[in-house]
Amino acid sequence: MAVSVLSNWAGEAPVAVFVAIGEGMRDRLERLFNDARFVRAASPRHAAIFLIAGRMRLEDREDLRRLHDQMPHPRVTLLWNAEVGEALGDAEVFTGSTLEVDIEASEAGRSDDAVRDRLEKLWQELASGERSSEPDLLHDEPPNSWEGIGPHGQGGQGMMGGTPYGRPMAMTSDDLRDGLALDLYTARFGPFLPMFPPGLLLEMTLQGDVIQSVKVVRPPLSQAGGNDVPAALLRLARLLDVLGLPVLGQRARLAAVGGATSVPLEKLSRAIHWAGATLAIPRGLGAVEGYGDTRTRFANLVSVANGFSPAMWPGLTRSAHLSSILPGLEWSEAMLVLNSFDDETLSTLAAIVEGADEDRDGHDHDSGHMHHDHGGPHDHDRHQGHGGRGSHLGNDYHGRHGGHA
Amino acid sequence: MGLTDLLFLALSAVAILSGWRVFATDSMVRASFLLLLSFVAVGLIIVMLAAPYIGVATVFMMAVEMMVMALFMVMFMMNPAGLNPMMMVHQHRFSIVAGVLAFAGLTAAILFTSFPKIPVDPSTPVVHDLGIELLGPSMLIFETAGVTLLATMIGSVILSSRSGRFGMADQGSRPPGLEPDGEPAGRQPEAGNGHHHHH
Amino acid sequence: MMELIAALLLLLFLSVGFAGAALVDGMLPAFLAGQSRPSWRRPIADAARLLQTQRIRTEAPDALLWFLAPVLYLALAIIGLAVIPFGPGLVTIPSEVGIVVWGSCEALTIVAVFMFGWSANAPLPLIGAYRYVAIALPAMLLSMFVLIGAALPAESLGFTEIVEAQRRVWNVVRQPAGLILFLMLGLAISLRGPFDYADPADLAGGTTADVSGPMVLAWKIARLTMLVSVSAVTATAFLGGYLGPLLPGFVWLLLKTALILVVLVGAGNFFARMPPARMMSVIWTMLLPLSFLMLLAVGVELLLWG
Amino acid sequence: MEIVPWVFLIGILSVLCIRGVHGVRHSATAPQQLPFLGGGTPDTHAWQRYHIRYYSMTLLFIAFEMEMMFMYPWAVVFVEEGGMAMMEMGMFLAILSIGIVYAWREGVFRWQ
Amino acid sequence: MTLATVLIVAAALIGIGLYGALSQQSFVMLMMGLELMLNGGLLAVIGLWANTMGGAPEGQLLAIIIMAVMAVDMAIGFALVTAVYRKRQADVTESLTTMKH
């Protein structure tokens, strides 16, 4: 009884969706969430529906599977114009509207509405228990076997060695900023982190929250967004979200759609001014030659909201690259920088650099095993005792991953 | 046995047990917060002892101090979360004996001393009295404390920051080995044999 | 006897306040964002959804601290509220050092938030937790100066005396900037808007990024309760608490609390969040001297006209 | 007799705690437990010697915060003592302010 | 809750703190031992103040001084730990023996 009351209520809840955005779908998806019935979850842990929209690269599939499994039960996946093969099991595919009228009209707005309806229907089925939650796609095994290994059965050895609870421990290295040699944290962030451009996969090494080194593993997926006013407004909305102004971001998104609910742009830009958004961006942050710093890029976007046409930027200098812009920044600053570029510039900045020390990691990582790094018999002796993990920054450190090259 | 006694017993048990667990737990964050728990229990006992200001202020001060303690514990201890259980002690038996002896000695002293019995009157405005004392008779102590705290602030800034008058504080440093003249602990040897390149 | 009545009133205050906070928090941002007709049923429906969602653990989390963090946070909110008088002599925990008790609640809140972020053993929550400590520590310092400014005219650290001392003039008149500083602290300890360094969007939810289902719900409940609590403290210290004509003191306090709560939720949506390093230096170099000056102004005012 | 509700309360709380902790410990499969990184994987545990960037600030903070202990009793007797109290606390705060200014000059409030 | 019981609790805290301060290899854990001893000291002072001094304010002042000592001890202690770590990249007391050379 109590359970059914709960499910009834739950069915009314806004549908929490975690999205993985594929090629050319970003702007459309952001408009999808203008509807109050839907909430875009920041993390799969908060979502019930996994929406995969647009075409994905082959190597993204493994990440999608991982994201799928990170969601709590009950969960369901919806593929929207997505081609992911069998990677997501027998998830429901949505290729447009089911109504004939809509197929003929093939108008984006109509199809968006159809997706909304489908999402809502899915959630109601899930909440009422008609649809069962999807099982895991990956095998239920830890990245390294650990149970029963080691003196306490926790998988570790000595002070820092082994793989306690399935993962090795962080090792010490020098720091870029203040020379205290503390531990490094290396991980691949992305490709579907909500505050990252979709598809961008960075291998970052952090110390505390300062980024020590960055390597682009996969560039962002190309988006249709041009340089027109709606695209600029959407970009402004993303920056506003990162600045902690989701309400203003939402208004900018509504303005980008236009129509009856549209917000006067002057009002929006005044609100942004009074929010102190410009002051919240440090001067000189993420400066790129010819492109100003993050603050000027932001000011440009705001002036678009004021009615000026979007600025045109000159070509990039050859040397500008994310792997040289981001290191040394704190996480929050780095997120501001990442979101301040337009799509074209960003894809140039995030291009995979061809070079002697590069290793086409992007292709290695996706070959289907979660524990690519710690597999192999050699790893165990490496993690014992003083462990030989990454005491060098930058290229030397990357060399470890691309040893075969 | 009234509620007061029971509460006192419970709080003492919490204070002592969590104080002991501080040195028996693997996770540094847990250790810091256990110490905080011990302080909170003592603070509440102090409130029960008719010193509400000192008791609550103990909780207040120790909450932030133990927070900072946790930050530094995690920063400087190897294996801060205790993922691998560990025991980093020296002269262990001697320390146990010293601790027990201190406790026994103090207890004996307490039991065999007769203290005067002049309990504090519950109606005394203790906070007010303390304020008068601070501004009047003990004014010098108060201002001296200010100077001491200033010295502490300056000292801790000088010691902890990297840049100094004679250049960077960490120049020419090399970590010690776990055994004398051994390889630096927890790190990979500089310009090592590169064994990590072959896998 | 009075304490028992006060305890019942506390329960009433908590439930009314919490319901109001949930509604305001659920509807005001949606309204401000220009969405049409946010429904009052949403918060309840969302809670029902979270209750039915699986609770996920991460690899080797600190399960005990992870569980205790929301519990501690909630308990602190309730204790903070319990030292607030609902009328003359109507206090659940009558304490002559009320503002110090509240200060301890603030300090322990930092511990609770840190515990929550630390326990997940995951990078984004960890960064959020550490960031929060950097901002909340100095922000707490500000609030204590401001509260001491409120305690000066009352010649006492208890909230009842602070309210009684406002019969002539409310503290907001004595130190208007103090109210603003205290509202900032309110944003910081209820984790919202420009001071939400623990759960921000640039960390994909920060300390909550790896938490699911009932744990998210528990954390939300604790946050909202703390919002009610800090609003009530603000109303008591600056807006004369239960003082007011005609209506009973309890109602007055509730109304003033509601006003502050709406202001807090609104302000949380209209100010940008600075990078933590910048905010830390703003607090120490600009806001802290400001709070010194406020204290000086109150002192001088008391000496001349007190 | 008055302890019965306490015992009851503590009993309920401990049952809740045990259940809660138990719930965290025993749920989620291995792929579910992976920390959220947007699909990517970490190399190591996130627990590490975390490099806080504001350690000097925290040290300054503990020393400075000590002044609160003196300020609370001062606030209680301020009106009574009048100008004297003002002078003494002014001096005390001025001394401590020197420390803050010094720390600011040394760049303690920037992240290291 | 008599004076003797309060003091015995304080003695227990001091004993545990002494054990910690003597046995722990790392600086920060050693400081935890010191703090615990001061904690016991604080309790003893307030216990004595409440039961034998009739509420003379000096007892409370002493308690505040103890707390100030804790704060100073922590601030300077951690600053030292940072300085030593910068130099030696270790936080165990043994690493200080090589500091003389």
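First chain written, first letter: the chains are A, B, C, D and E, and each begins at residue 1.
Heads up, the rule we're going with is that a contact is a pair of C-beta atoms (placed from the backbone, for glycine too) under 8 Å apart; a residue touches a chain by one contact, two chains touch by 3 or more.
It should be emphasised that the depicted structure is a prediction, and the values quoted were computed from it without experimental measurement.
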| item | value |
| --- | --- |
| Set of chains adjacent to subunit D and to subunit E | A, B |
| Contact distance in steps, from subunit C to subunit E | 2 |
| Chain centroid nearest the full-protein CA centroid | D |
| Farthest chain (mean CA position) relative to subunit B | A |
| Remotest chain, subunit D as reference, centres from CA atoms | A |
| Leader among chain pairs (count of C-beta contacts) | B-E |
| Inter-centroid spacing, subunit E versus subunit A (mean Cα positions, whole Å) | 47 |
| Subunit A and subunit C, separation of their C-alpha mean positions in angstrom | 32 |
| Subunit A-subunit B separation of Cα centroids, rounded to whole Å | 41 |
| Averaged-CA centre spacing for the pair subunit E and subunit B, given as whole angstrom | 6 |
| Set of subunit D residues in contact with two or more other chains | 32, 34, 36-38, 42, 45-53, 55, 58-66, 68-70, 72, 75-77, 80, 100, 111-112 |
| Residue list for subunit A, restricted to those that touch at least two other chains | 43, 45, 70, 72, 142, 164-167, 169, 171-172, 178-182, 185, 187, 193-194, 208-209, 330, 389 |
| Interface hub residues of subunit E, defined as touching at least two other chains | 64, 67-68, 71-72, 74-75, 78-79, 82, 85-86, 89 |
| Every chain pair in contact, whichever chains are involved | A-B, A-C, A-D, A-E, B-C, B-D, B-E, C-D, D-E |
| List of subunit A residues in touch with subunit B within their complex | 150-152, 154, 156-162, 164-165, 169, 171-173, 178-182, 376, 378-379, 382, 386-391, 399-400, 403 |
| Of subunit C, residues touching subunit A in the complex | 29-30, 32-38, 41-42, 44-49, 51-56, 59-60, 123, 127, 130-131, 193-194, 196, 200-205, 208-213, 216, 269-278 |
| Touching residues (chain side subunit C, partner subunit B) in the complex | 60, 62, 64-65, 95-97, 100-101, 103-104, 107-108, 110-111, 114-115, 118, 121, 130, 133, 137, 140, 157 |
| Of subunit A, residues touching subunit E in the complex | 172, 179-181 |
| Touching residues (chain side subunit B, partner subunit C) in the complex | 27, 29-30, 33, 36, 52-53, 56-57, 59-60, 63-64, 66-68, 70-71, 81, 83, 127 |
